[in-house]
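Got some structures for you, see below.
Presented sequentially are two complexes of subunit A, the first with subunit B as partner and the second with subunit C.
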Partner chain A sequence: MRRISFWIATFVLCWVAANWAHGAELRIPQNATAGQSLTIGAGAGGTLYLVGPGQVIKRKVQGGEDVQISGDELRNAGRWIAIVRGGGGDQSQVFWVRPGKAENVNFLARPSRVPVNKPGVISGVAFVFDKSQNLVIDPTKVNFSLSVGSAHAEHTATSSNGVAWVTSSSAPKAGAAQFVASLPDVQVRRVIEQVASDPCNLKMKVIQREKGKVTVETDPVRDCTGNAVPDGTIVTFTQTDSTGRSVVDARIKKGIARAQLPAESNARISVASGVVLGNEIRLGGGQ
Partner chain B sequence: MGRILAIIFAIFTVALVAAGAIHKSSTATASTPEAAVQSLLADAKARDWQGAYSYVAKASNADLQNFQRDIQGRDASLRTYSSIDSFQTRVLRQNDDEGLVRTDVKYSTAVGPFYDTRDLRVVREGGNWKVVWPVQKEQTVPPQVIPVNYLRWDIIWRGANDDWGAQDVESPHVRILSMHPTERDNSVILMGEVVNEDTVPAFVSVGATLVGKNGQDLAEETSFDKTSHVLLPKEVSPYRVDFPGIKLADIKSARMKPDSMLVPASADPVIGVLHQRIEQDAKGHTVLRGELLNESGQTVNIPHVLATFYDNSGQVIWVSDGYVDRALQPQVPQPFAVDLRDELASQVHTYRVTVNQYSLNRQE
Partner chain C sequence: MRLVRILILTIGIAVAISGGLPLAKRGLSVVRAAVGDSKPEVQLNVTNARPREVEESTQQSIIRDYGRAWQGMGTALANNQMGPLNENFTGFALDKLKQRVKDQQQNGLTTRVIDRGHKLDAVFYSQDGSAIEVRDTATVETQVLEGQTLIHSDEAQVHYYAVLTGAEDRWKVRVLESSEK
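Up next is the complex of A and B:
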């Protein structure tokens, strides 16, 4: 009987001691999330320090009280250390704060200007952040859409380590393409200017001959998918005749390029833009 | 003693003032045709226009103002930023009443030396030799309105308040079309053509690095003014990069570095290059001549001509350039000439001329 009483007394003593020790421990939830409030049991009390990435929080606490940290205070995700000093001894504990819900997206779209009808030339990279700009590393679905005029293409990519990306071909139609990356509550828009490619089927004709001058003019200059080549593009007219060679680097204006050259008999006039050659005209000998 | 000194100083001062006040008479004398030309050019070099004009024959039909403008330049042309550095004369022929003197005048200009060769006729006028100075008649443009409605490109760059993901405007895409190395005059020369493939204007600079046999960089140079720097969309420009004092045999490879920058620009002016032909100049050297025609409504102050010469396989075999020392008035043709190496003349199958321009009143 005495032995039984001894064991019972020992058990009760241990239970009370363990209970007292538990009450003096730091207690931190393991599912802390940035931007959400957090309750910490500070044990025997003293001064509580929370040291996180780029941030320190300090609180005076009484023994046995819980400490409330608001979501606005707990902004940064990452590795934190809770330290309690005073109140019968120093204690510390490491805990991790996870990023909050995906609420922001940063979107890099490249390039800002691209020729039409080129495969795989457009890239979009989205970085997913919570409202406190912590990179959200949980897989998150990001929707990418690229539209120019009535043409529209959409693609959903799941982020990996906070990054989602997509590559796309440029559309056959020139114009300012709207490239949008979106989360359910937020979207970011970039503009990809899709511009006409090299001229195609460059053709010219004589439109006037007078006073020793001949005026030549191209048909509307378009690329191979029918887009108008932008105004200001250089079109070179070259005339070769018995007096030598004459060259005018004309600029496309309102879709066509025009130049005045000396009117010489048996002259040969050719046209080119960049590395693209057009037709040739022989003056006096027909085309 | 003090009075004597005072008198001496007074006489000396009067003599100096008198010497300073003496001008050459309007009937300056020269004993030979060559002396007349040399005196004229010496006075012009000293910017003594009155003195220089005193050697100009009446047959020149040029007043002092036109004569001065002819040598000094006008309309902010390259000639206005130059001065006569030196000159050489040589009598080509001479008789009792007339002579022909070849003058090679070297001007110092803002872009380096500029050479002008003229055969000047010298005539005897009232016992003195006078130079018939061929004043270039500047054509004037009749009053008119020239509508210019070419587009210009302006740029809005990324702002300080944009988020870090916002893309900036893309640099223009340029491409080197060809590169041909050669060795001339103890220099390695890299030349070829570069094109702006983009739809926006580009400020282009072509740099090159020569790599030696041991893999080390030997030299680094840029094309400087041997290229057109502002290239409009689809514009092709020649480039030439010179490496003086390096031999082709010492080189393993060359790294080309075309840099491009987006710049605001105007599509105006259009300069036509007319009647180009390869000829021999007065000294028997091969030159490419032609005429520049400014098709815009504003004066182009300093034209710069770049000529590309190709062989029969289409390869660039030489790039030559030259500044025109007179401004391009609207719609008025202006002759130009650029050198072509004599030993290459027989290999030239075709050629192409492009024109740079520098204008004071144009904002780009």
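Up next is the complex of A and C:
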């Protein structure tokens, strides 16, 4: 009987001691997520410090009491250190906080201005963040869409290491293209100005000839897909005759470039814009 | 008999050196970290960078500027100063580290980061060359002090994801996040 009592007493004592020791331990859940509340068993009590990548939280705690950290407080994902001072010695433990769900996109669209109908010239890069601006490392689907007028292109990319990207060709039609990166609950929009490309089929004609001057004018200047080349683009008229060369750089105004040159007989006038050559006119001998 | 004595003496000296050297090295690194003058060793692998290849000159700049950023962060956290952060960080990383320094100041804490080196793997380099992301395997010792009292110390290999973007004269760290994986 004495023996049984001895063993029961020993068992109870051990159980109480184990329980007390467990209560004095720093206990942190291993599945903490940024933006979600967290309960920490602060052991014997004292001052609790939570040292995170971008913040420090301090709490006074009573022995055996659990500490509740709200989601608003626990903002930063990464490696944290929990330290309890006092109440029977210092204790510390490293724990991890995972990023929350993807809710924000940091979207870089390049370039801001691009010629139409060029392959692979537009790039979109989306960095995926949670609501507290932690980079979401887990693969996330990001939808990219590029639209100008009725032309619309869409592409879905899965992020890797927090980043998703696409390259896209510019549309054949000029105008402000809407480039959008989106997650299920968020959309970020950028505007890419798609402008006419180099002129195509550059043509000029003589519109006036009087008092030793000749006025030449281009047809409406357009690129190869029919977009009007923007006003201000330089068109160069060159006249070559027996006295030498005359060059006039004229800007396109209302879609047309015009220049006045000396009316020398047997002169040759040519037109060009950038690397594109247009037609040639011969004066005094027909075209 | 004399031979045995010499042998014992030699073993004793060897044991003292083997124990003393790492201790002295550790002490030196703590002192260095405290004054913030230790520039960490940084290695960069660019074979996994996509969609653009990382140019040689960019590789050198990343190694230099990422090292500087860690040095600056070490100084900032050890002395609760904002200055070294402004020079090397921008965006979310800057906001978060500034908040950490502010909170440390408020609670009377400082952190010594004893940096034992970084192995960087470039995982993304933007088409226009304006942003790069690296995965860093860093070996760091972290010491948290309350006033002058050391209240936590650990040494670990930690994985970081860092996004750097080009600034006026250097690359600045825009995102710096540690991850368990």
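In this text, the second predicted complex is superposed on the first by the 274 of 287 C-alpha atoms of A that agree within 3 Å, B and C clash if a C-alpha of one lies under 4 Å from a C-alpha of the other, contacts with A are read in each partner's own complex, and residues count from 1 in each chain.
Keep in mind that, in the parts below, contacts are C-beta pairs under 8 Å (C-beta built on N, C-alpha and C of every residue); 3 or more make two chains touch, one makes a residue touch a chain.
Keep in mind that this is a model prediction, so the values were computed, not measured.
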item	value
Touching partner for A:Gly52 - first (subunit B), second (subunit C), both, neither	second
Touched partner set for A:Ser182, first subunit B, second subunit C, both or neither	neither
Which superposed partner A:Arg110 touches (first subunit B, second subunit C, both, neither)	both
Touching partner for A:Pro230 - first (subunit B), second (subunit C), both, neither	first
Partner chain in contact with A:Thr33 - subunit B first, subunit C second, else both or neither	neither
Touched partner set for A:Ser123, first subunit B, second subunit C, both or neither	second
Which superposed partner A:Asn134 touches (first subunit B, second subunit C, both, neither)	second
Touching partner for A:Ser170 - first (subunit B), second (subunit C), both, neither	neither
Residues on subunit A lying within both footprints (that of subunit B and that of subunit C)	108, 110-111, 127
Touching residues on subunit A, where the partner in the complex is subunit B	106-113, 127, 188, 190, 195-196, 198-199, 229-236, 238, 243-251, 253, 259-262, 273-275
Of all residues in subunit B, those that touch subunit A in their complex	149-151, 153, 163-170, 177, 195, 197-201, 232-236, 267, 270-277, 290, 295, 351-354
Residues on subunit C engaged by subunit A in the complex (per definition of touch)	51, 92, 95-97, 99-100, 103-104, 106-107, 109, 111, 123-124, 126-128, 130-131, 133, 135, 142, 144, 146, 151-152, 154, 156, 158, 161, 163, 175-181
Subunit A residues touching subunit C - in the complex, by the definition given at the top	49, 51-58, 76-79, 81, 83, 85, 90, 92, 94, 96, 98-99, 108, 110-111, 123, 125, 127, 129, 133-135, 137, 160-163, 165, 167
